[in-house]
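Some notes on the structure that comes next.
Note that the chains are named A, B, C and D in the order they appear, and that numbering of residues resets to 1 at the start of each chain.
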Amino acid sequence: MRFTVDSRLHYRFAGPCEVLLLLEAARGPDQTVLSEQLSFSPHADVARLDDAVTGERRVVFSAAGDVDIRYRAEVAVEPRDSSLVGAEASPLRDLPDEALRYLRPSRYCPSDRFEAFVQRQFGDLSGGDKVAAILDWIDGHLDYRAGVSDGSTTALETFVDRAGVCRDYAHLAITLCRAADIPARAVSAYAWRLQPPDMHAVAEVYVGGAWRLVDATRLAPIEGLVRVATGLDAADIAFMSIFGRADLLNQSFAIGQVDV
Amino acid sequence: MRFTVDSRLHYRFAGPCEVLLLLEAARGPDQTVLSEQLSFSPHADVARLDDAVTGERRVVFSAAGDVDIRYRAEVAVEPRDSSLVGAEASPLRDLPDEALRYLRPSRYCPSDRFEAFVQRQFGDLSGGDKVAAILDWIDGHLDYRAGVSDGSTTALETFVDRAGVCRDYAHLAITLCRAADIPARAVSAYAWRLQPPDMHAVAEVYVGGAWRLVDATRLAPIEGLVRVATGLDAADIAFMSIFGRADLLNQSFAIGQVDV
Amino acid sequence: MRFTVDSRLHYRFAGPCEVLLLLEAARGPDQTVLSEQLSFSPHADVARLDDAVTGERRVVFSAAGDVDIRYRAEVAVEPRDSSLVGAEASPLRDLPDEALRYLRPSRYCPSDRFEAFVQRQFGDLSGGDKVAAILDWIDGHLDYRAGVSDGSTTALETFVDRAGVCRDYAHLAITLCRAADIPARAVSAYAWRLQPPDMHAVAEVYVGGAWRLVDATRLAPIEGLVRVATGLDAADIAFMSIFGRADLLNQSFAIGQVDV
Amino acid sequence: MRFTVDSRLHYRFAGPCEVLLLLEAARGPDQTVLSEQLSFSPHADVARLDDAVTGERRVVFSAAGDVDIRYRAEVAVEPRDSSLVGAEASPLRDLPDEALRYLRPSRYCPSDRFEAFVQRQFGDLSGGDKVAAILDWIDGHLDYRAGVSDGSTTALETFVDRAGVCRDYAHLAITLCRAADIPARAVSAYAWRLQPPDMHAVAEVYVGGAWRLVDATRLAPIEGLVRVATGLDAADIAFMSIFGRADLLNQSFAIGQVDV
């Protein structure tokens, strides 16, 4: 499938500060950027820090005062295998190099605290079946609701609160998978058909010998995800990290399907 | 300087399980492994997962029942520049690729919570001077004391408890540096002259255009550190991660200087 | 001094629910209610649950739909001894019966976590001198700032965040005093000259053989506090506890001095 | 039923310090102390601080060096109504004065965090039926296991860890009941037939117009509980609170039935 994405960010930066932007469509085997344009008004001096392993695209720029950022792209997304049933877990030695770190607890995914729960609840299952059961459990025990969580909410709090938004759903899915020794990581994405339109947070698990995208919120189809950033959790995939202070004036994220 | 290290681990594994071992001396520009031997009794089938970027050496093995592991090596450590005074902070765009992730909060280093404190306490300083002031503050406000913390203790708890061991000191130093936008990471090391002998945890900060080792506990000389693992925090640098259950029967870590 | 207080609360209750109201001026040796009027529109059936020990006044009512509550009173406040210097700590056996519970940790005041800090920082002092030093420390290390904390923030978080509002200042003062074995409790009050006008939260400590009001924020004079509720922390002194759901439509708290 | 209890505590106190002891059988409508003896070796000067409302018996003494404390008593326990099924919840205005505070969150029972969970899981039930369902849920989702928790563990952590000891079971039961607007408090007790013998922690809930003892661990019969202290949570009911430092040398708690 082919998509156009269109992001507009309007921020007011207090004093000159550096900003890391993770807003561009990633490049990888499952998606191709056909055309794109990233523009700053006023003009900004930009340095690229792209990541070869995940295909994540990063730019750093210096900002002061009012800045408009716009990113437009056309992206082709290949069919993705997100099937879980029967997908086997890999022994540690067969994991790809980069997968090891996604077994470990992180800032918002304290998986070390959930081993007993995961063993009790999902102990009979393994691999993709276990992931599927974890996603079903989350679907059955959480309410999607804004205002319960904020930028410092961890999966432990979400597990107690039984409510949250996409970030929280992704964190809890990642946490429970890691507690079950299944590599799991966070992915930000433009999400076709997500209502209301916004940058989306989903999870990616390594089972059946491949990374598979899963959306614990079940709010957007996997085949319509244009992936952007990849990391341990929300600490890694924020679309903008401001090393200084700024006010959000306005922002929007749009995605549309292109008929081919 | 030249050192011999000698580790012995004796564990009892309940049922067959996979184990990740981060016990071997790292290879890098600042240290050369002259000779080494890693042995398992009974014999274990080992797979290597070494990390090219940090020089970290990793093996995975499968274990069941009683297992003796021994690692002996002779390592040459080059003189290290660990000077902080006057070392400048780097702008984001000049950081090496791998440094970016060490600016972010992690499981045991919730640096996002300490921005106000760091700004209040160390706001007038920057770069290596700021790191030096952070280390002085830790030295003046914490007591080195066992029993206060355990494997789940975060830097936030250590900041409140005002006491801990090397792991906690390293976590707090890393946390405060990251809160000051200085890349900081955790390093495990054999530590010459550390009393009692044990695997040590220290921090490494990126200032003055280079990674510099710092020991917030001030218990062992920097030039006598034989580095092993490198990561975000204790979640990454544990010398043994057991994917299953095991009992520790006995373990020891020795290091001695070799006259050349 | 003599004051008039005037509170207006306008809430919309979803479905019939019970509400506990701690809004009326307390009656006690240090303040006399000269006249007062509590009214509900529409009329509500009210039950009184006043507390004889603290003088706290409580009403319970059942509500549904839009409800206007108004409380007006004229209150004479006697001169209060809030001097701390030289006020001695009491041995446990000389404490009044009700003081014992105010030595213990509570929901928002986890004093058990601060014993090491308090010993390190204030260990040379005792009694009122210690309380005064604690208040000075808070004044020097915290910023009064809204938006940092919310209704679930504990003193441990405030100690880390180094910022908060009156509730957080009171909680931290109470926590540090209890960690120093000084009974300390939370008091809500109408606060003359507080800007902007609002219900205020302060602390009360038992030293020199008496309870003494202290305001860690230093934003309102002690002699202008018309006390309302008394308890372990914010969990006990909220002016309204709704056993059900409600929306705040409007509320105001006013206090003025009456010339006699 | 009639019981003898026999406690022996042997502690070493570092320097003179005050100690609060909650070790004696409470006096109340449901139990009568027929005879008792509390002795200190060496002799200690003891002050009594008994609580008239709960019948809790408290002594304060000053200690230094090695101290042996022994408490022996014979206690008659009346039949207790601990039935839950059909017991109705009371409206707020009908609660006894002292019950109000047991609706609120406390140090180890952060009931404010569990409203969504309780509503989701037990929302269809009320009163004693709800309490019974909460106890069943705890029984089905927790493992009784030592070493998971310690003196600072809260019910939130126990909810995540899915394991704990009697203190943790009581805290979780209390927390979930309060989150359901049912007054609940902590009670320490000598527990007949508890294996191994120890001071026990249970909960007490107010439904059907009376306080009813419940044991979330189901390890000891309710009719064999000789109650000692009553409070918000473990912060209130510890059998010994030491205002200073001490080492435990030895302690034992015994209870036996007396044939009449």
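We adopt the following convention: contacts are C-beta pairs under 8 Å (C-beta built on N, C-alpha and C of every residue); 3 or more make two chains touch, one makes a residue touch a chain.
This one's a predicted model, so the numbers in the text were calculated from it and none came from an experiment.
Trainee: Counting shared numbers against all numbers at the contact of chain B and chain C, is it over half, same, or under half, different?
Mentor: Same-residue interface.
Trainee: Fit chain C to chain D on CA atoms, both being copies of the same sequence, and give the resulting rotation angle in degrees, nearest 5.
Mentor: 180
Trainee: Can you work out the whole-Å distance between the CA centroids of chain C and chain D?
Mentor: Inter-chain centre distance comes to 29 Å.
Trainee: Let me have the rounded angstrom distance from the C-alpha centre of chain B over to the C-alpha centre of chain C, please.
Mentor: 46
Trainee: Roughly how far is chain A from chain C, centre to centre by C-alpha average, rounded to an integer in Å?
Mentor: Here chain A and chain C have centroids separated by 44 Å.
Trainee: In chain A, what residues contact two or more other chains?
Mentor: As it turns out, chain A has residues touching two or more other chains at 113.
Trainee: Can you list every touching chain pair?
Mentor: A-B, A-D, B-C, C-D
Trainee: Which of the residues in chain A end up touching chain B in this complex?
Mentor: Residues 18, 20, 47, 49, 51, 58, 60, 91-93, 97, 100-101, 104-107, 110, 112-113, 151-152, 181, 231-232, 235-236, 243.
Trainee: Where on chain A does chain D make contact in their complex?
Mentor: Answer in residue numbers: 113-114, 116-117, 120, 141, 143, 148, 156, 159-163.
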